[in-house]
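Okay, so chain A shows up in both of these, paired with chain B first and chain C after.
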Partner chain A sequence: MPTLEIRDLHVSVETKEGPKPILRGVDLTIASGETHAIMGPNGSGKSTLASALAGHPKYTVTSGTVTLDGEDLLAMTVDERARAGLFLAMQYPVEVTGVSVANFLRTAKTAIDGTAPALRTWGKEVKGAMENLRMDPAFAERSVNEGFSGGEKKRHEILQMELFKPRFAILDETDSGLDVDALRIVSEGVNRAKENTEVGVLLITHYTRILRYIKPDFVHVFVDGKIAEEGGSELADRLEEEGYDKYVGANATATA
Partner chain B sequence: MTLTTDHSRAVADGAHSHGAVKPQGSRAERLTSFSLEDIPVPNGREEEWRFSPADRLQPLFQSDLGSSGVTVEVTAAPEVKVETVARDDARLGTAGKPGDRTAVTAWNAFEQATVVTVPAEAVASDVTSVRLTGVSADATAAHVLVRAERHSEAVVVIDHNGVGSLSETVEIVVEDGAHLTVVSVQDWAEGAVHASSHRARLGRDAKLKHVVVTFGGDVVRITPDAEFTAEGGDVEMVGLYFADTDQHQEHRLFVDHAVPECKSRVTYKGALQGSGAHTVWVGDVLIRANAENTDTYELNRNLVLTDGARADSVPNLEIETGEIAGAGHASATGRFDDEQLFYLQARGIPEIEARRLVVRGFFAELIHEIGVPSVEERLLASIEAELEKSMSVITGAPTA
Partner chain C sequence: MSAETQAPEQRSDDEIIASIGAYEYGWHDSDAAGMSAQRGLSEEVVRNISALKNEPEWMLNQRLKALRLFGKKPMPSWGSDLSGIDFDKIKYFVRSTEKQATSWEELPEDIKATYDRLGIPEAEKQRLVAGVAAQYESEVVYHQIREDLEEQGVIFVDTDTGLRDYPELFQEYFGTVIPSGDNKFAALNSAVWSGGSFVYVPPGVHVEIPLQAYFRINTENMGQFERTLIIADEGSYVHYVEGCTAPIYTSDSLHSAVVEIVVKKNARVRYTTIQNWSNNVYNLVTKRATAAEGATMEWVDGNIGSKVTMKYPAIYLLGEHARGETLSIAFAGEGQHQDAGAKMVHAAPNTSSSIVSKSVARGGGRTSYRGLVQVLEGASHSASNVLCDALLVDQISRSDTYPYVDVREDDVSMGHEATVSRVSEDQLFYLMSRGMEETEAMAMIVRGFVEPIARELPMEYALELNRLIELQMEGSVG
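Our next item is the complex of A and B:
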């Protein structure tokens, strides 16, 4: 069974004052079909983990390994990682002026699959997926993310997850800034992808709200650049009640 | 994307007029003349030359330009008349006077002019093609006059190829009710130096679509002027340029709203890549005191693809009447940035393909506005060729 394996991952970010360590030894194994939630306070390094796995140039892996199906993910370029089956639903998707959504989706699908999707079925597939996410068909002709509302950007990210059929998807705070309706629609999209493709999901979130719609198999509490506690979905319920104070407090004491 | 709009020279004089005093540096005060003595060799610090590589243009500043460096061939639509005439032909010099040194050297040195006439009420059934080919580096003057007589319609494409050193005048006369499209393509080989003064004059209800496409040559400097002489005139000026390493591409436009009820639209877009690539766009629009109900908008966008390239963009809007229908301008220079690249790559798209996607997207809309299919196709092919070069910039492989 395909797995995404993260071993003792240390990552730094480039700052004006030099490299600053953010991740301090992350260990995590995700198998196909599993959903792992990573929860944690702001600044704990959750989003750094997402960006570093996707290969964002701002982050430098200083030690550790990441393998996808036994292949060294860290040795791959950003686009090679995507073609190997990794997908990152971004927290802040960027605008690409002049490139229509339709053109972008077709180009990306072609790159990921290595062949152009069949014209006859692709159009239908895109249309159907957009309908499911309650996206206006006119969306296909707009420039990628240009003038999109926060909710539209997130739907567009999940649309891609459904169409590209990755083996592992990282959802970086996909729930942030969404109202309840949009959250439900986006979550339904993730659940459809899970049912249809056996995708392994790494769901990064600050809030427990999204976990009412997307059931995690495992919950990891992320504090100060590494996993502080692990459990099943009951851990999320506890965090809902207690918040992160306990971890932040413990950490504060330890480093004081 | 960063947005930079230079409003520093935009003035709305109607709002605070003090008699007949014009703002300093007004286009209305710029000297124009047919005489070499009136417009001396510039030192490079003048307003109209301050962005230009004056040293590389030196040969075209001289008064003794020859006529042998460039050949002219015309393939005309059956309805269109083509003549080669001597410089004393009365039809020449009617679309305004030279406004800078290269324009005045071009005017004074040409021996023969090519005159393309679309007869009154004729509708050209095909594109008329004027090809100027550089055959030597001898500094040369050339003169082309395109006349669309009243109620005629035509498309004229002026092509520039080869290696030349050319100071050129393109006169465009659009008579009452005529609809004319003029496309000037600068597809020079490496080493070419080209300055061209386009001077257009529009009659009542005349419509001009003026398209400039610049890809090749070492230094290309085009200065299109458009002047309205009667009500109902409509000018659409479209430009595309793509500058590579050490290329200088400059487009300076002037739209003179001298009469009421006219409309102008200016849209120029450029891409730059490689160190020393430099583009300049200056768009002057003057709405004179009696040009009521003028409707004008000008836009310039630049896409910087690599480090070391520089795009200057200066829109200038001068308004001397308060009674206008609309007047605006916008200028933006954006970079193809790391975040855009990361987003596209994270969707499996390789870097080269990502650049291609962005550049094609950047130009696509404007290309479709040209409305001349043969030109549009060539343009798409040229953009592909430029992108091939950018591939070698990224991979470090030598340019083919």
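Our next item is the complex of A and C:
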């Protein structure tokens, strides 16, 4: 069974003052069909993990390994990772002026699959996926992310996840900035992808509310660049009540 | 079907890699006419050109006067570096074929083959254009216009034929929009001009499909002095499209055109250029139109090739409610400087103008936007809007903006907006994380950037532009 394996991963970010270590030894294994939630306070390095896995040039892996199905993910360029089946739903997707959503989706699909999608079925597929996410058909003609509301950006990210059919998807705070209705619609999209494709999901979130819609198989608490505690979905319930104070406090004492 | 004729072109990987980002139109034909052509400029050369064309006395005199003006005018001290131009080395007139053809088969084999490679006869066959003019070196070698347009009185001939066959119309307008002494290069063109198009559209006639001209330089150190004159009579419409290519040589050629357009009352003219000269051509062009009452003039100006381009299409809004629009797009790669822009002169009340300029610089190339909006006294209630955006693909390229505004009237509306942006790391990351290779991602960003202008181009030119962007970007990523 395909797996995404992260072993003792250390990552630094480039800053004006030089490289600053963020991840300090992350171990995590995600198998196809599994959903892992990573939860943690702000600044704990959750989003750094997402960006580093996708290969953002701002982040440098200083040690450790990541393999996708046994292949060395870290040796691949950003686009090679995408073609190997990794997808990152971004927290702040950028605008690409003058490029229509329809053109962008078709170009990306072609790049990922290595062949252009069949014209007739592709059109229907896009239309259907947009309907499911309650997106207006006129959306396809707008420039990518330009003038999109926060909710529209997130729907557009999940639309891509449904259409590109990755083997592993990282959702970086997809729930942030969404109202209850949008959160439900977006979550349904993720659940459809899980049902249809056996995608392994790494769901990064600060809050537990998205976990009411997307049931995680495993929950990992992320503190100060590594995993502090692991458990099943019951761990999320406990975090809902107790918050992150316990971890942050313990850490503060240890480093004081 | 034999294997021999159908076998695809076999190229090794090395050859394919070497061709990436390369200029595609850089071949040259065998060149007996060009080899023997005389270099340098003198009264003798000018007299000789005029005599070869059997021109009337007034034209010879005008040429000689222009030659004297050329001698007196200084080189422009602003804009691009023109110190590489050696006027003594240039060949001012090359006659490549004795007789103008009206079918492609009549052309000498190598010239026909060149236009085949450029896809011009094919476009005509598919009726994408209503008329075609093909200029090779100094003169137009092929000319054809659709019969129905000819019946409606539309004139579309090369400029030499225009002078010969329509002397009165020609003399009435020639040199009235751009006088010989306008600038050094206009003077040069007026002295040694040859070729170009002469277009007249009668009142009320709409030419729905574009007229197309194709300019090709073949000889090394060639000077091409296209001279185009377009007259759109009252209430008429015409779209004129021109494309340009040249071979790659180690020393430079000069293309110095003068284009004059007269847009009469309520008429509309659109003039589209896709300039893709090779990187050894100095492209120094004076383009100007006058727009009468209620008339509309539109320049769509694409500058992709050349070593240096200096070109600022101008519109003189002479009648009330006249409208001018310039859409300009420029790409500068390694060793290129595109100094382009627009000029709008509001000389009547209630006139409006719009300038949209987009430029992309990469590989150490340089783009400049240089524009002038002038509102003369009395041109009340005029409105002008200028928008210029520059995109830098890397850290070593350069872009400058020189917007000039001169307003002599109180009650006018002026807008100006300029931006310079860089392709961001985050944009590239976003597209590459969707499986696109770096070059593809870069090309997508650049295509998006120029999209507002690309959508104004005729379909086949828009496709060509997209392809050129991809080639440019392939060269840009190490």
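In this section, the second predicted complex is superposed on the first by the 256 of 256 C-alpha atoms of A that agree within 3 Å, B and C clash if a C-alpha of one lies under 4 Å from a C-alpha of the other, contacts with A are read in each partner's own complex, and residues count from 1 in each chain.
Keep in mind that, in the parts below, a contact is a pair of C-beta atoms (placed from the backbone, for glycine too) under 8 Å apart; a residue touches a chain by one contact, two chains touch by 3 or more.
These figures come from a predicted structure and were not determined experimentally.
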item: Which superposed partner A:96 touches (first chain B, second chain C, both, neither); value: both
item: Contacts of A:143 with chain B and chain C, given as first, second, both or neither; value: both
item: Touched partner set for A:160, first chain B, second chain C, both or neither; value: both
item: Partner chain(s) touched by A:246 [first = chain B, second = chain C, both, neither]; value: neither
item: Intersection of the chain A residues that touch chain B with those that touch chain C; value: 54-57, 77-79, 81-83, 87-88, 90, 93-99, 104, 107-108, 111-112, 143, 160, 164
item: List of chain C residues in touch with chain A within their complex; value: 424-427, 429-438, 440-441, 444-445, 447-452
item: Complex contact set, residues of chain A against chain B; value: 54-57, 77-79, 81-83, 87-88, 90, 93-100, 103-104, 107-108, 111-112, 143, 160, 164
item: In the complex with chain A, residue positions of chain B that touch it; value: 1, 334, 338-340, 342-351, 353, 357-358, 360-365
item: Interfacial residue positions of chain A with respect to chain C in the complex; value: 54-58, 77-79, 81-83, 87-88, 90, 93-99, 104, 107-108, 111-112, 143, 160, 164
